[in-house]
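Would you mind keeping the following structure in view while I ask a few things?
Going in written order, the chains are labelled A, B, C, D and E, and every chain counts its residues from 1.
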């Protein structure tokens, strides 16, 4: 029977909310406003966070350098939570409330595919540095990405496995679209080359005990194990448990498997894992400068390529805004991207094809170093070289 | 007075359960409290134990106000046997009895008291290792009273000790109450609906109605006046 | 069904044959065989734990029958499901009053008057067809004025009355009352007495459990004395209550 | 509630065959057959699966024991219990000085230190106020008591905050406390062994000397042993979770229980606590998983093609130690009897002189500490995650129900059964269905034994 | 169990006295709360522009359908179910699987194409949910109270696992893309506003059917089951049948919400059907008020506003918004249980 205090509470909450939203920054006069949608929480939070931080770094650099045509750049950041529904809500908020026409993001393919049809229909640019699902290729005219499609990663992984002399693999895959996609593409390539999959296990994102699955996989007698994880923690734990349960053969994976947290979790168990990753070129001065600035600002680096990808996205955006001069002109922005001359950024030199896919980037094979040799500078692994190509 | 309530008032969620109740219990006497359902009888007992929050008034024990926590009241020498044969069904009969004087450290004393109680209620001795769940209602009520006696109380508060018991057990129970009072020099405050039997053993009677004491006197005075008729028959609930 | 039973001149409203209920090692009802005469008030007495409530629970289907059978209205039943008991002509009250607490008195009455099958109940709009009967019963127990209140707001005596009224709303032949007078004070008690006697006048059979000997002598025609799940004595009230073994086991000296 | 047996009339019939009892016999026979089948198929793999089941089952059993302890006393499902496991794990994480947390910078945070210090101060203050104050207030000056209690609790809170802010020298700061505790324990044990010290001051002196020596030696040992920091951080983790559990009871459940009429209200309320605490942990430490520093026994033992880590063996052993401790506590001490009495009827327990609110508070603290122990041991084995609490809670809940809710023997049995089922169940089907199997089995199981394997009487 | 000592606040004492202003307020409080919530919601949404309002109303309407259907089970029948997210998912997946068209398929996958219109797929989804509910309900009818909650907990986990791992039908973590928008007589509900109107239409239908159900004799029996299942059985009602019926009806309503949300998003994945969603739903039902249809509507509105409104709070760091919302929701639940277990406009307690 305490209605009124409760009503009061609700009223206060709602009032707070309404009051808070009215306080837009008045200091900026007409900045360029673009939206950021990343998975700040949920399974893809590591990627979402580093990408956002890289973007914020780029934003401050651009604004400190005087902005674009004298106008500042401004972000509106939303959390797409790595799922379609929250992504749609975030998208709606960005477009309907903040009137944004250009959105950088998002970090999860599922979230991307949820919002992409709306963006395509509304004529809103979505430009992701992280979403890797092959389906994004066909998502529409307004959808761009600098991330390398899983289809390509899968081919590279399959080739690497084959050239390393592996004929039988067992796979363990996190049940997320990214991990499943990578596995599917890898297996497709591997089987096309003549290899076989002797065991295939999946696990849900919230699990931590993989021993049952691993025991079954080891029992099938594979030459190598391919781990496709979405969360680094899970990837590292799987490697640790694999070693504990007696597996001393080769382990293959993608970027997630050799991320900082994954290596942290796995410790020495991770030594020798091969990861097929997009990697920053150590000879690229731009990349090295960027990493140094990022480390100075945030005291850490991880997943350098994805940081670089997000960083580049902002600069490309700035360049196109400079060209169009209007943050509401999505069509102009789209054309700018399609006609972009080869852009030389931290992750390489690249352009966009007619599907909005990035062209000009390639994957490398990395091998994890022993714990003693891992440093923040080398991220814990060394590049063996570009991923091999196999005719088949 | 051994135990005394002065002007006690208790609210339960906006409803007045007790409204300025004053009553007392002298050492060694049996006092009965009667009244219709909802008159507040159980609340009186709960107020003594601090289980019902007092709006006003105080409870005095040997002329001192009781200001200890509910669980410490028993160590003052007041034991309370609540309504409805509430024994600990998870525990054996021995453990149930032990619960009655948990605060006591002296094991020999505990043993002695337990023997005394078992002497009073032989059935408890017979089944002492059994779980209290397996007992009949009458036996459970005896166990509950026995548990109260384990504290060696100066005042024993009984809430409807014969409710739902068979006539034979009821008779036995009243005999035991009289015996406890006589042999152990325990003052007994009993809430009872069994008017006839209780008037036989009580020294004084309080009649409670709508949270107020409406009569206070000897059983004889009750029999003379028509207060019970008024209280019980005079109003439809 | 009822007419056929009447035609056969059935003299018992209820029979049990070798009824058994076992809780772990205790036989709460031990191969009990009784026959309750039709159209009167029968009381069941016995010490605590003698199986009185268990018997009522078995007859109304609240507890399943372990062994033996129950003959209701000439039909032998080995299994009684609680929801079938009204169709066998049985209804009951509970020792600890069980009302629908967060429902109004009005709903408490109506709920036992409406259609039993799911589809029928779905299509039946609230109340209209049964409101006169509900009103009649509520007025009978003097709770009409409180019809909009929640059952949980009633006092103990009123709750007992409402429960009895709810049982009366069931148009059956056999009423089982589990301690209907327990904890009631004279005015309410008189009222319940009248309700029971009226019911008897209508030709219904009533079985009730009670400890109070005065009430039993006053109300009942026939009596069963149970002890440890077995039948100790049965017969006319005054005769039975005078028997020494009954006095020994139950009434005490 | 009694087992619901169908009516039997002594004759065989289809419905007679399909009674609950015969179905449950079939079910058991099927389970045994299944286990024998998989054993015959591949004994080595079977051994590995069995070990996996025991290892994870031990954690489930641990969580289930604490859960059932709390449930059997207060009779509501305390969902915030899961968060206690999380808090335990993350306290160890916080204390063990892991600096590399993605995107969140350093995890050492003065605000957290102050908050936990305040929490501990509050808990100590309450303990002193409810336990010592009522007993001492008639003997000493009340204002003096209150003031010294206040100072003591502030000191305790400050000490905890200091402890948290100096995680790497935990052994130096915490060592003396452990030493004093060991000394007191030794004196007490000697006091028991030597008889009443009042009679001889010599015995007293011996006891004091031995106690002091032992205490000092322990403190020294802690200060110089490598790895002592980690193990001490386990103790601190369990203690802080215990303090949180106690604070939750005292600050919330106590009032909620007074007002709430239904255990479902408590259930939903504790759900809110679980959501909040998990979210707060995620905010402070990020929602992603984190590793804990490796404990001893990380190199696996291998035999017959199977492997198990010594640390996992320690986990299993520790579960049994906790189990034995709880059994002793519940069935051999008067505290345990009081706990069971409260589980039976709280009001009567208070009437007969049991300090129910305090004992329930202790049970909450104990339950939370056990949950935290489970969370820490699991975290040392597999790493920690904010959502681990919910997962552990669910598994502990299932284990407790399968074993027989409210029964400590049932909890440990249920934990191991659940661990086994999860592993044996995925022999023929993908391991991804592990959780679905666990819950499917739970539902099937509950249909037949709704009160668990070892029902509380 | 211990006697509940109900503390009386001074406020309560003040308002309880007739003649005080408070008494008048208390008398009409339900109406006032309803009015206040709607007024505040409207003000807030309008201040944010119509696009946001449409989105909020759309989300609220979906949640409201779910809450109304769940209220039939929790509020009226007293079965605290966390399994509803499963039926929500079944509806969504049925519509998704049945309406996808091969031309829109982006990853060549495992599912067969049916290419049905939305309005044909939705009834099938309801049917599937109903059949599953009938089966599950048969199992569930064995349980009560705490154990019932636990089992529905388990069912929600199992449902999520099925959505996640039953690849041939659900395509697992990939989700299903290009789900068709409803169209009728050539009119396609492809705009946001049109879709919102469609959802509101379905909401009205669901509320109407629910009202029919609860105001019939059937509804009264359900409440009696909530109060005392054993007692109502003695009066000749087979409680199991009643529970099963309402369970199936409720599941079918949840499937409607699922179908609508699948079509609205055009993309679904198992992430949208996790246990947490069920917890949200239970919170909405309790927030609004048990056994109150209006309460469920209000509850959904308030809940969505709280969750979405938090996006506008500047002082919460962006990275913490998601977890911050969960934390605030948790605190809200606790406060609700402490101060108002019967919800905003409800009359009944759990």
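The rule is short, and it goes like this: a residue touches a chain if its C-beta (ideal position, glycine included) is under 8 Å from a C-beta of that chain, and two chains touch if they have at least 3 such contacts.
The structure displayed is predicted, hence computed values, not measured ones.
S.K.: Using mean Cα positions as chain centres, tell me which chain lies farthest from chain B.
M.R.: With centres defined by C-alpha atoms, farthest from chain B sits A.
S.K.: Identify the chain pair with more contacting C-beta pairs: D-E or B-C.
M.R.: D-E
S.K.: Report the chain whose CA-based centre is farthest from the CA-based centre of chain C.
M.R.: The chain lying farthest from chain C is A.
S.K.: Report, in whole Å, the distance between the mean C-alpha point of chain A and the mean C-alpha point of chain E.
M.R.: Once rounded, the distance between the two centres reads 33 Å.
S.K.: Report the inter-centroid distance (CA atoms only) between chain A and chain C in whole Å.
M.R.: 72
S.K.: Counting in whole Å, what is the centre-to-centre distance of chain A and chain D, each centre being its mean C-alpha position?
M.R.: The computed centroid separation for chain A versus chain D comes out at 38 Å.
S.K.: Quick one: chain B and chain E, Cα centre-to-centre, how many Å?
M.R.: 51
S.K.: Among all residues of chain B, which ones touch two or more of the remaining chains?
M.R.: Expected reply: 51.
S.K.: Hunt down the residues of chain E that sit against at least two other chains at once, touch-wise.
M.R.: Correct list: 3, 5-6, 12, 161, 164-165, 319, 323, 336, 349.
S.K.: Could you list which residues of chain D touch at least two other chains?
M.R.: 103, 282, 287, 345, 347, 350, 430, 432, 435 - these are the residues of chain D that touch more than one other chain.
S.K.: Spell out the residues on chain C that touch chain E in their complex, using ranges where they run on.
M.R.: Interface residues on chain C, with respect to chain E: 60-62, 81-87, 91-92, 94, 98-103, 107, 110-112, 114-116, 118, 120-127, 166, 170.
S.K.: Over in the complex, which chain E residues touch chain C? Could you list them?
M.R.: 213, 215-221, 223-224, 226-228, 230-239, 241-242, 245, 347-349
S.K.: Under the definition above, what is the set of chain D residues touching chain B in their complex?
M.R.: Going through chain D, the ones touching chain B are 134, 334, 337-338, 340-341, 343-345, 347-356, 456-457.
S.K.: Across the complex, what residues on chain A touch chain E?
M.R.: The contact residues of chain A facing chain E are 1-7, 9-11, 13-18, 20-23, 40-42, 49, 52, 77-79, 81-86, 88-90, 92-93, 95-97, 110, 113-114, 117, 121, 133-135, 138-139, 175-177, 179-181, 202, 204.
S.K.: Mind pulling up the chain E residues that touch chain D in the complex?
M.R.: Going by the criterion above, the answer is residues 1-7, 80, 139, 142-143, 145-147, 149-151, 153-155, 157-158, 161-162, 164-165, 279, 282-283, 286, 319-320, 323-327, 329-334, 336-338, 341, 349-350.
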